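What follows are several structures.
Next come two complexes built around chain A: one with chain B, the other with chain C.
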Partner chain A sequence: MHRKVAFIIGKKRLKRNVAFTISIYILVAFSIIAIFSPVLTPYDPYTITGTPLEKPSMGHILGTNDLGQDIFSRLIYGTGITLFVGFVGGGLAILIGTFVGIVSGYYGGVIDEFITRGIDLLMVIPMFPLLLVLASFLEVSMTRISILMGILGWTMFARVIRSQVLSLSEYNFIYGAKAMGASDSYIMIKHILPNILPLIIVKFVFAVQTYMIMGVGLGFLGLGDPTTISWGQMINRAYTNGGFALGMWWWLLPPGLIIAFLSIALSLGGYSLEDKINPRLRREIEIS
Partner chain B sequence: MRIEYVIKRLFYCFLAFFVGISITFVILHLMPGDYISHLLINIESTISPEASEAFKHKFGLDKSLTEQYFIYIDNLLQGDWGYSFEYGVPILNIVVEKLRWTLILLIPATLLSLLIGVFIGAYFGWKSGSKLDLSVLNVMIFIRAIPSYWWALMFVLIFGFYLGLFPLGGYMGIGVLESGTDYLDILHHSLLPMITLTLCSIPGNYYLMRNSMLLTVGEDYIITARGKGLSEKDILFKHTVKNAMLPMVTMITLELVFMISGSVFIETIFSWPGMGMLMIDAMNARDLPLLQGIFLMDTLLIIIANFTADMLYSCIDPRVKVGE
Partner chain C sequence: MSLLRIIGLKAYFPTQDGIVKAVNTVDLEIEKNERVGLIGETGCGKTVLGFAIMRLLQPSTNIEGRIMYNGKDLLKLSEEEMRKIRGKEIAMIFQNPPTFLNPVLKIGYQIAESTQLHQGLDKKAAKEKAVGMLEAVKIPLSSKRVSEYPHQFSGGMKERAMIAMGLACDPSLIIADEPTKGLDITIKMQIVKLMKEVTRQGSMLFITHDLGVAAEICDNIAVMYAGELVEYAKTEDIFKNPMHPYTRGFLNSLPSRGLKQIRGISPSLIDLPSGCRFHPRCDHIEEVCKNWHPEMVECDKGHYVRCLQYG
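Coming up: the complex of A and B.
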């Protein structure tokens, strides 16, 4: 019985490893597409290269939009900004969250109380509506919007990391380091950070996924810089300018399917990583 | 001690409320571009300065920001949420009206997704490791990874446009102009957005419940229960599920925040006249007081949900030492 369970879990872990590798490959492939998009696109995405609303053909693989721009080229060009928003927004949120979480969890006491209460207060503010309002009123570039997203979204991560650091700080090796006279910042960087790094990486993968979806969502709602080509803006255009009513699936579907594909890949990677580091499934905590 | 705890929490709620609305007040009033210049962007040069001044005076926009803030708080305490620039009517009336429409979707969607998520999560947390468990897990990951707006668009496209089973959007058919409000018609319109919202929130509930079950199954008291010779059914329902349900209470609060953002997309796509649509509308019109009112309502909802979760939690989990 026991052996059987162990076998199944082992097999499952193997499968998850495969999933993780695949998702890394997909991410690398998309990054390459993003970097080399000027080379890969058959047309300039901004210029009018055909008659409006052309059907897919050899000349235009995915046809043209209502302005006569090549849809395929726009799709390729949209990759970069989607990845950028995900990585910058998610990265910033994780960075702030990790910093606040480690400080709060390590020092404990009054500092921890102050930070935790502060986060509780901040979490009452509806962040997503606030992001929408800021994005629409400030009329800023997607770069600034992704920074805004990071600044507005770190609270959740700070909470998770804080609770992890809190229990880690009770371990003997931390007390030992303290007894040997190591400074607080040294302990936080050399001892705490490496131990919570796996958790941070998992949260980062999910953050990138969430922020990518959100970035495309903002574009879909018609927010953000209209001159930047993004998948969200493409969906919005196809939806409101007739792609939907005319049944032009090659205009509406590709950007949505591609964000869904990327999101699934990232989320599979995230779950397989989580599976790896989750002590609940391993039943032992490894302290390096 | 119990009363003390409740009072402390209530005080904290008020504090959170004031901090929340103060921050949104400051941010909203720092935004560039005011209502009148945005509204009259093309005829700005032809509008008489007197009219603009009169408008600003009427809404108190000629006062300093601090003054405006205190007037706002003072009015709020008297139950006056201010007047909308765009509609000229009390904001409380608009927001409450739109909130009703949002709740028509949100309440059934929340309950349904909780019920389905908890049920599936509990079952597969119990039977974890099986082939079916793994497939269900992958399906859930798949559902969650696809953005809610994409599910909504696909549903409109497939069930509304191609199959014609549901209306493409809106909340009532044109027929109500003659026959009056038809509740069946509203239900028909609300079904598709409701299903979308439900579908998008099931995986979160499922995942938490499944993890919680995995954690609980490993507890010593489950082994004890088994050692006592209790039937598997008793162990599952009386010991495992009951305890694994605890984290779900906190989940409801998070769920609400998630749903508030999700409903912006769903309402936009289905043209559902709720808070999300109202927000987009107020945003495009730069109707600051109305936006402030929407934030106020969202903040209130989150605080009430937080408070309820806290109270519920301390009621159902005797291990939580209340007041410490």
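Coming up: the complex of A and C.
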């Protein structure tokens, strides 16, 4: 009896969260593609395997680019770096943001004031233009760019997390933990962190999405690492080397569509998670 | 030597409206294995006194006086040293357990937390300890309950869990801050019985406004009014022979004694009445009460009163 009830509830939950399930499947699929891209690609994306500017055919599903490299293989190879930029950049930003936010919100007072003003200062700096400037001055690699993104982008998350921790720190159970002889760092890690973890996860998903698109954007502007294959760089190449002028949509569109698709998947995941942690955001009518 | 000796303790909170004098020169002693009840109406500073002993008040609070615990002045200890005392030697049981339990951590983890912090128990040993503690506070199916979350516990069970948390490290002093508040009468009596049982060893400062509960548990009772103690005696003396007009009024306000209220309202802790703090509400007021602030005097053996009628 009990098991049956649990099963029904489980099924219902799954149904209600179709969006989340889909987004997880898509993410897993993309991760698999990224990891196994050397196996999955029909050609080596770096070598010239056909005549330049071929139309899609059985040999080259999406044709070849201006150098005669297989576009489909390059598309698959670009998955890894896009995900990498998103996850490293987003992960780093969340990590720094969480740390600063918790410290600021928990200690309050002068420390909080100092950190908050610092964040205000940093927030004034527009991130994308700064990245443009840095990317054109520094020797660029995608790793470096994603780390830069993380270092530049944590302020927003620190703010959100600080405000949560600020109210959380006044909760009685924090006093309870203090009365038990817990140290500040112990309270922050064991009592506050689990309480804001759902928020952190949601913010992380959106951060990954933002930074992924930003990475592609930088690539499109020609500021990515020219030696690694990325979707942004592919669009840039198609745009500048004749793909656009010749109307070769099979060169220009796939990278754009795929980044849009991945971005939508992440949004779906993020929004359905957000619904979960804050049911008030749920607008759909539940059928029971 | 007494276990805890509070000498001239003051706790003042600076606020925008003025200084809240929540605790005014309190002297109190707790012997080993003695259970002292601290009673008084809401807002008289009872809880602040408890928090002051634990040093859990906001850093902006002005605290004066001495709190001698086993010969050490708690107010002079570093935060690090104080942390070793909290939970291990002096534990606190709070009122309103729903808010004092972390909603995202398992009950068992929270109960055994202090043993992990102070005795360095590993996860498995801590869990066993938690099961044992839950058994001690008479929660059925303790080995299953130990991995549940606070929202799966009822109000009375949460209070039991709270007591288990306080007792996990066998502290030598327990500060219980109205553990029976907000519980319905049958649960309350169970909790009182339990508190009596589990605190047989060790001292306790039992903060409450429930005289019946205090009578059940405590050896001695201190009555607090407007931030200061007004009477201190053995529990039976307080009930048989209450001396301070406030204590008498308090007793007469019990339902069993006619529910007679004390006239007036309790004074604001920001501007306290001159002279005797209780004079605006007292039935035996004389002219001198308005200007003269009485001292605690011993009237009978071990029976202290702060009233001009007696000294």
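A few remarks follow.
What we mean here is this: the second predicted complex is superposed on the first by the 262 of 288 C-alpha atoms of A that agree within 3 Å, B and C clash if a C-alpha of one lies under 4 Å from a C-alpha of the other, contacts with A are read in each partner's own complex, and residues count from 1 in each chain.
The rule is short, and it goes like this: a contact is a pair of C-beta atoms (placed from the backbone, for glycine too) under 8 Å apart; a residue touches a chain by one contact, two chains touch by 3 or more.
Worth saying up front: this structure is predicted, and the values here are computed from it rather than measured.
Upon superposition of the two complexes on chain A, no clash is found between chain B and chain C, which fit side by side.
By the touch criterion stated above, A:L134 is placed in contact with chain B alone, chain C being left untouched.
After overlaying the two complexes on the shared chain, residue contacts for A:A260 are found with chain B alone; chain C is out of touch. Once the two complexes are laid on top of each other via chain A, the angle at chain A between chain B and chain C, using C-alpha centres, comes to 100°, given in steps of 10.
When both complexes are overlaid on chain A, the residue A:I125 reaches chain B alone and has no touch with chain C. Per the superposed model, the minimal spacing between any CA atom of chain B and any CA atom of chain C is 12 Å.
In the superposition on the C-alpha atoms of chain A, no part of chain A is touched by chain B in one complex and by chain C in the other.
Within the complex, the chain A residues that touch chain C are 171-173, 175-183, 186, 190-191, 194-195, 197. Here chain A touches chain B in the complex through residues 5, 8-9, 12, 15, 120-121, 123-130, 132-134, 136-138, 209, 213, 216-217, 220-221, 235, 239, 244, 247, 252, 256, 259-260, 263-264, 266-268, 271, 280-281, 283, going by the rule given at the top.
Residue ranges of chain C in contact with chain A, taken from their complex: 54, 56, 83-88, 91-92, 94, 96, 99-105, 113-114, 117-118, 165. Those residues of chain B whose C-beta lies close enough to touch chain A in the complex are 12, 15-17, 19-20, 23-24, 27-28, 31-33, 129-130, 134, 141-142, 144-147, 149-150, 153-154, 157, 161, 211, 214-215, 218, 257, 260-261, 264-265, 268, 279-280, 283-284, 286, 291, 294-295, 298-299, 302-303, 306.
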